[in-house]
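Heads up, the next two complexes both have chain A, just with different partners, chain B and then chain C.
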Partner chain A sequence: MSRAEKLRRWLEKELGGNLISAETPFPGRLFIDLKREALTAAASGLMNQGARYQMGIGYDARKDGRGFGLVHTFAFDRDSLLVALRTFAPGDNPEFDSLTPFIPGAGWSEREYQDLLGLKFRNLSDRKRLVLSDDWPEGIYPLRREVPHDLMPPAAEEVAFRLEEAPPGTSIIPFGPFHASLHEPAHFSVYVDGEDIKGCEYRGFMTHRGIEKLAQTELTYNDVPFVAERICGICGSVHAVNYAQAVEAAAGISIPRRAEFIRMVALELERLHSHLLWLGVAGHLIGFDTVFMQAWRIREKIMWLAERLTGNRKTYGLVIIGGVRRDINRESSRDIRSTLEEVDREMQALEKAILKDRTIHRRTRGVGYLSKEETVKWNLVGPVARARGLKIDARRDHPYAAYDEVEFEVPVADSGDVWGTLVVRVKEVYEAIKIINQCLDRLEKLSKNEPLAVELEGPIPAGRQGLSLVEAPRGEAVHFVLTGNENRPERWRVRAPTYPNLQAVPSMLLNNKLADFPIIVGQIDPCISCTDRVLVVENRSGKARLLSRQELENISRAKRSGR
Partner chain B sequence: MWLWNKIKQLAISFKAGVVTLRYPFEPRPAPEGFRGQPLWDHAKCIGCAGCASHCPARTIFLRDICQELRILLYDSSRCTYCGRCADLCPEKAITMSDRFELATDNRQDITQTIELFMMTCQRCGRCYDLEIKNYIDRLSALGYRYDCLEARKVIRRSTAEFSPDELEKTVTYERPGRLEK
Partner chain C sequence: MKVAAVVINLLYFLLLAPFLEGVMRKITARIQSRQGPPLYQPYLDLLKLLGKENLNAAGHPVFRLAPLLALASVLSAIALLPLAGQSSFLAHSSDLMTLIYFLTLGGFSILVGALASGNPFASVGASREMMTIIMLEPVLAMTLILGVVRAGSLGLVSVTEGVSTNRGLSYFLMMAVYLVALQAFVSRQPFDIPEAEVEILEGPYVEYSGPNYALFRYTLNLKRMFYSWLFVAGFLGFMLPGNIILCLVIQTVLILALFVLISVIGATHPRFRMDQALKFYGILLLLALLAVGLGVRGW
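Here is the complex of A and B:
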């Protein structure tokens, strides 16, 4: 019996009348509708069976008379199964049970919808604003249907961030919103005792661009990929492919084989240049600029290759719903092969020259340590999780496109520190090259006449759910699409890999030296803009508190006694 | 060990040498297939508005003047060079050029405008295309110029509604978190 079938039976038994429906519209997904009262029971049951929490999605369904919808998604990585729990609350009383008592990583999602939709969560310990700026008027919830996407309430003067006081015996060192070691705006107020970091408070969400709201009010299905790829400056195709996959899954469209392989080539090229970029940045952050210069020199070859392949230095403008827009013919495939050969050779030389260098070891080993238990608790993803002994990779666990037909390794390390993430990323560079070469082999064998994209037959039916995963260079990115009328999605939710990873940064920082702050934050390769993507508003300010002082102290104590 | 690594790093750096390009002192043409600034061919455009309603950045504007003149304005400042407009134009009036050096202090340098002489529909009063002619000749023959596009209009297909009461609230609300004096 498959896991989906087992889960369905278990839910029927456990929830009885509270279970409304459980469907598997396409393999690997289980969409469950339940009554509001049963949410906690179902979610904790899933967690007890080994699920990994992904994200929450809130949406406004008052138009159909269903009030507010809340979806929580969970992954069963061993069984290639994603589960979405959907509940509704009436429009005049949008209150749900919070999942934070047993899933701390759900806190951000819940606070996001507290801000954006005015949902209320029982037992949510931290009710501070997460996404909206401090001067945003109370009682206006930007993701609600009646609020236009370009609403701009007048800015308020004299509104200040309310950062916590430093715990006794420590003083505060502010990092950001603009800081030489942060490449995007974010604020860390770091508590230090001498040189040792004793905690930190994070405030982010300063780069809202209103992309999700735009998609549900202004754009059409095929406009969204071109906006989605601009969520991130590095992994553009990741978001475009991910969105397209979610819509295709919801609408039951299957795309040509050729398009699948071309998408994979684009995705892996992105992984290549992203990891090389990270290697360079990491070298720069620890003051080892030879790595920075040489890694970026190698990376530049890939950027130029992307320019020749897709018409843009970044792999932009490649994906539409139903396929891709540009072909990879024999000539460009030869071009890719010769470039990759060069990259491979130079990368190996660079690796040999630096991986044994004392400078790197001294600055990365034992720095930013996080135990495997903490990693699981905070639902970390990507190289950050793999460096902590967690073998999860969406390409292997939930194969999309044609990843089940190519061979590759999922490198893991168990040192749990910055060094581990470095090793994992360097190994993944070679795996990406391997995957691209296999894709090219397959592409060359496919008939040339196959179309690059399928013609859509008629409109995409409304009211269907699609859930898609793509393993971005930084970890798993999740997109949820609820199809709607008028040729545009009713709700589109993006969860970038930095969203869960950033939540664990305060734990990683604990008891490290202040000088290591940049590389510890840098190890997750934070992509602040992807994380902040959602909003509606002009960015003015944003405030988020990740851990209360008490929580921090608890973690800190636990760690001291644990190690 | 340490020294050996440093020697290897030196070797790599020397072998690569200086890779900085002499750009902009030496021109650097874009590769084939590059998507630069889209260019409009006035003679081919029939004013169907296909490009304007499918541009993901919504940076192509269309406006009808006096039921006879349709103005198409392309404002490059928000263009993402995705090439959707060129893909969708039924008359192939748009080509993606290889121009990429578009930095300017005058927005007019990167803006393109087409003025199309249309016919007025007797039923609905909206304008539609004449038979294919050379519009530019036609327009100048008429002595027509229209340079002020301040009142340009986006093609809006928004479903968002917003009541005046809600808007009122945003002006009069109590600001949270004021600094105590």
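Here is the complex of A and C:
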């Protein structure tokens, strides 16, 4: 009996009348609807059976008379199964039980919907704002239907995030949003006693621009992949592919084989340049700029390769629903192979230099340690989790595209520190090269006449749920799509790998030295733009408009002079 | 002639110090597969900084005075040095203690400036700088004391010459210790901890800009050159010929070679953490003491 079947029976027995439905519309997914009272029982039951919490999704379903919806998703990695628990609360009393007492990693998701939808959570200990800026007026919840996507409440003066006081015996060192080692819009208020870190508080989401809202109100299904790609400055294809997969799953579309392999090549190319970028940044953060320069020199070859293949160094613009837009022909296939050969050779030289350097060992071993238990508790993903002995990888556990047809290793380390993440990432570079070469082998054998994308037959039916995973370079990225009526998703939720990983950073920082702060935060390769879901898009009446430099200058001048 | 020696000494250091930084940057760039700035770039940087508005971010007079004091004390130390083996005009009224005094004063001014700025990063940098001074000044002192032991005098000329008169075990041990400590004296990786850009944003200098910062930069350049000069004049003094011009030329070449070494080590090592560096410095200090002990025994 499969895990999904077992779970269904267990839920029927445990919840009785509180279980409304449990469906498996396509393999590897179990969508459950239950009554609000049963949420805690069901979630804790799933956790007890070894589930890994992924994310929460809140949405406004008042239009259908169902109030507010809340979905929590869980992964059973050994059984290739994702479970989504959906509950509804009436619009006038949108209160749910908080999962934080037994899943601390659910805290951010719940705070997010407290901000964006006005949901309330019983037993949520930290009720501070997470997503909304501090001068956003009370009582306006931007993800609610009646709030327009371009609402701009007047900025308020003299409102600031209320940071906690430093515990006695410590002082505060502020890191970010402007700091040489944190090139991201985030703020850490770090409590130090001398040079020892005794705790910290995080304030992020400084650049939240409401990309999900935009997709739900302004864009169409096939616009979204291009917007999704711009969520992240590194792993754009991850989000584009992920979104497309979620929609395809919901609509029951299967894409051509050729497209699957081309998507994989794009994803693995991104992993290559992302890991090399990280390696360089890590070197820079421990004061080793030569590693930084050399790693980025190697990375540059991949950027040029991407430019030759897609016309862009990144943001490939490759993915649409139902397939891809560009082919990889024999010639580009040869080009990729020869570039990868070079990268492989140079990477080996760099690896040798790094692994042998005793000072690097001293700066990374035992630094930013987190035990395996804590890793499970915070639901960490990606190289950060794999460095702590957790063998999870969405490519292996929940195969998408054609990952079940290629051979690759999932490197794992058990040192639980920065050193482990470094080793895992270096090894993954070679695995990515291996995967791309296998994809090229398969592409060369496939018929050239096969279409790159399927023609969609009719509109995508509304009200279906799609849940998709992609193993981004930083870890598992999750997309949830609820299909809608107006040729656009009713709800689209993005959870980037940094979202869970960042929540565990305070635990990793504890009792380390201040000098290690940059590399400890750096080890998760924080992608704040993924987490905040930034978008700078000028979007009026559904048409994208480009601003010329002159126009941009005029706007900013007008703003400064208060006009 | 002796007055001229002081002027020549100062000019020699003032003119050459930024160039040496240029060498350092060029070599680092080459190791990192970069083109690197032209060798004269540090002069331009200093000029540019000097042309900026002088901001007193802290609003404290000490903040403004600290860079002046730092530069003045390093220049004073340099004025005392015997250039090319020639005793300076100031040598009569100064000795080893004066030199150490001026050097410590230079380090002290950086601390005071950092603390006056009131910036939390600066105070972390200052505490790191303080620990470095406490641990490393003795290494410098031991090197000179080895010269004192050999020469039997506190005069600067005899001390610098004295270091290399007897090239026994103590000489080689002290040379090794000094070479390692040199990387910290000139604050390059793995010992550029007080400045550590990615951690504490250049530490003590974070609030400094414009001419104030230019003075600190110049001080740092001069200090780097001073410590390299001391190595050449002390440990390699026996190689320098008597002819003043020839001596200056060879000395300059040796200092350049030393800077190449410093740059290569700096570019191929990550930064230590303070606690790791302190252990390291402790070992250096013990070895330096051992070398002096050996020197006293005549080994």
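The definition used in the following text is that the second predicted complex is superposed on the first by the 532 of 563 C-alpha atoms of A that agree within 3 Å, B and C clash if a C-alpha of one lies under 4 Å from a C-alpha of the other, contacts with A are read in each partner's own complex, and residues count from 1 in each chain.
Methods note: a residue touches a chain if its C-beta (ideal position, glycine included) is under 8 Å from a C-beta of that chain, and two chains touch if they have at least 3 such contacts.
Remember, it's a predicted structure, so these values are computed and weren't measured experimentally.
Colleague: Have a look at chain B and chain C on chain A after the superposition and call it: clash or fit.
Modeller: Aligned on chain A, chain B and chain C fit with no clash.
Colleague: Just chain B (first), just chain C (second), both, or neither: which does A:Glu138 touch?
Modeller: first
Colleague: Which of the two partners, first being chain B and second being chain C, lies in contact with A:Glu486: first, second, both, or neither?
Modeller: A:Glu486 sits against chain B, while chain C stays out of touch.
Colleague: Touch check for A:Ser171: first (chain B), second (chain C), both, or neither?
Modeller: Only chain C; A:Ser171 stays clear of chain B.
Colleague: By the touch definition at the top of the document, which applies to A:Glu307: first (chain B), second (chain C), both, or neither?
Modeller: Only chain B is touched by A:Glu307; chain C is not.
Colleague: Tell me the contact category for A:Glu457 with respect to chain B and chain C: first, second, both or neither.
Modeller: neither
Colleague: Pick one for A:Leu514: touches chain B only (first), chain C only (second), both, or neither.
Modeller: second
Colleague: Quick check for you: in the superposed arrangement, does A:Ile286 touch first (chain B), second (chain C), both or neither?
Modeller: second
Colleague: State whether chain B or chain C is in contact with more residues of chain A in the superposed arrangement.
Modeller: B
Colleague: So in the superposed three-chain picture, is A:Val147 touching just chain B, just chain C, both, or none of them (first/second/both/neither)?
Modeller: first
Colleague: Output check: A:Glu407 vs chain B and chain C. Expected answer is one of first, second, both, neither. What do you get?
Modeller: A:Glu407 sits against neither chain B nor chain C.
Colleague: Determine the nearest approach in Å between the Cα atoms of chain B and those of chain C after overlaying the two structures.
Modeller: 5
Colleague: Can you give me the overlap between the chain B contact set and the chain C contact set on chain A?
Modeller: On chain A, the residues that contact chain B in one structure and chain C in the other are 290, 293-294, 297, 357.
Colleague: Note which residues of chain C are touching chain A in the complex, please.
Modeller: Answer in residue numbers: 28, 31-34, 120-121, 124, 127, 189-190, 192-193, 196-201, 267-276.
Colleague: Over in the complex, which chain A residues touch chain B? Could you list them?
Modeller: Touching chain B: residues 134-135, 137-140, 145-149, 151, 153-154, 156, 158-160, 162, 217-220, 222-224, 226-227, 230, 290, 293-294, 297, 300, 304, 307-308, 311-312, 316-317, 325-326, 346, 349-350, 352-354, 356-358, 486, 488 of chain A.
Colleague: Within their complex, state which residues of chain A touch chain C.
Modeller: Chain A reaches chain C through residues 171-174, 179-181, 194-195, 283-294, 297, 357, 359-360, 362-363, 513-518.
Colleague: Show which residues of chain B lie in contact with chain A when the two form their complex.
Modeller: 1-2, 5-6, 8-9, 11-13, 16, 19, 30-35, 54, 56-58, 80-84, 87, 96, 156-163, 166-167, 169-171, 173-179
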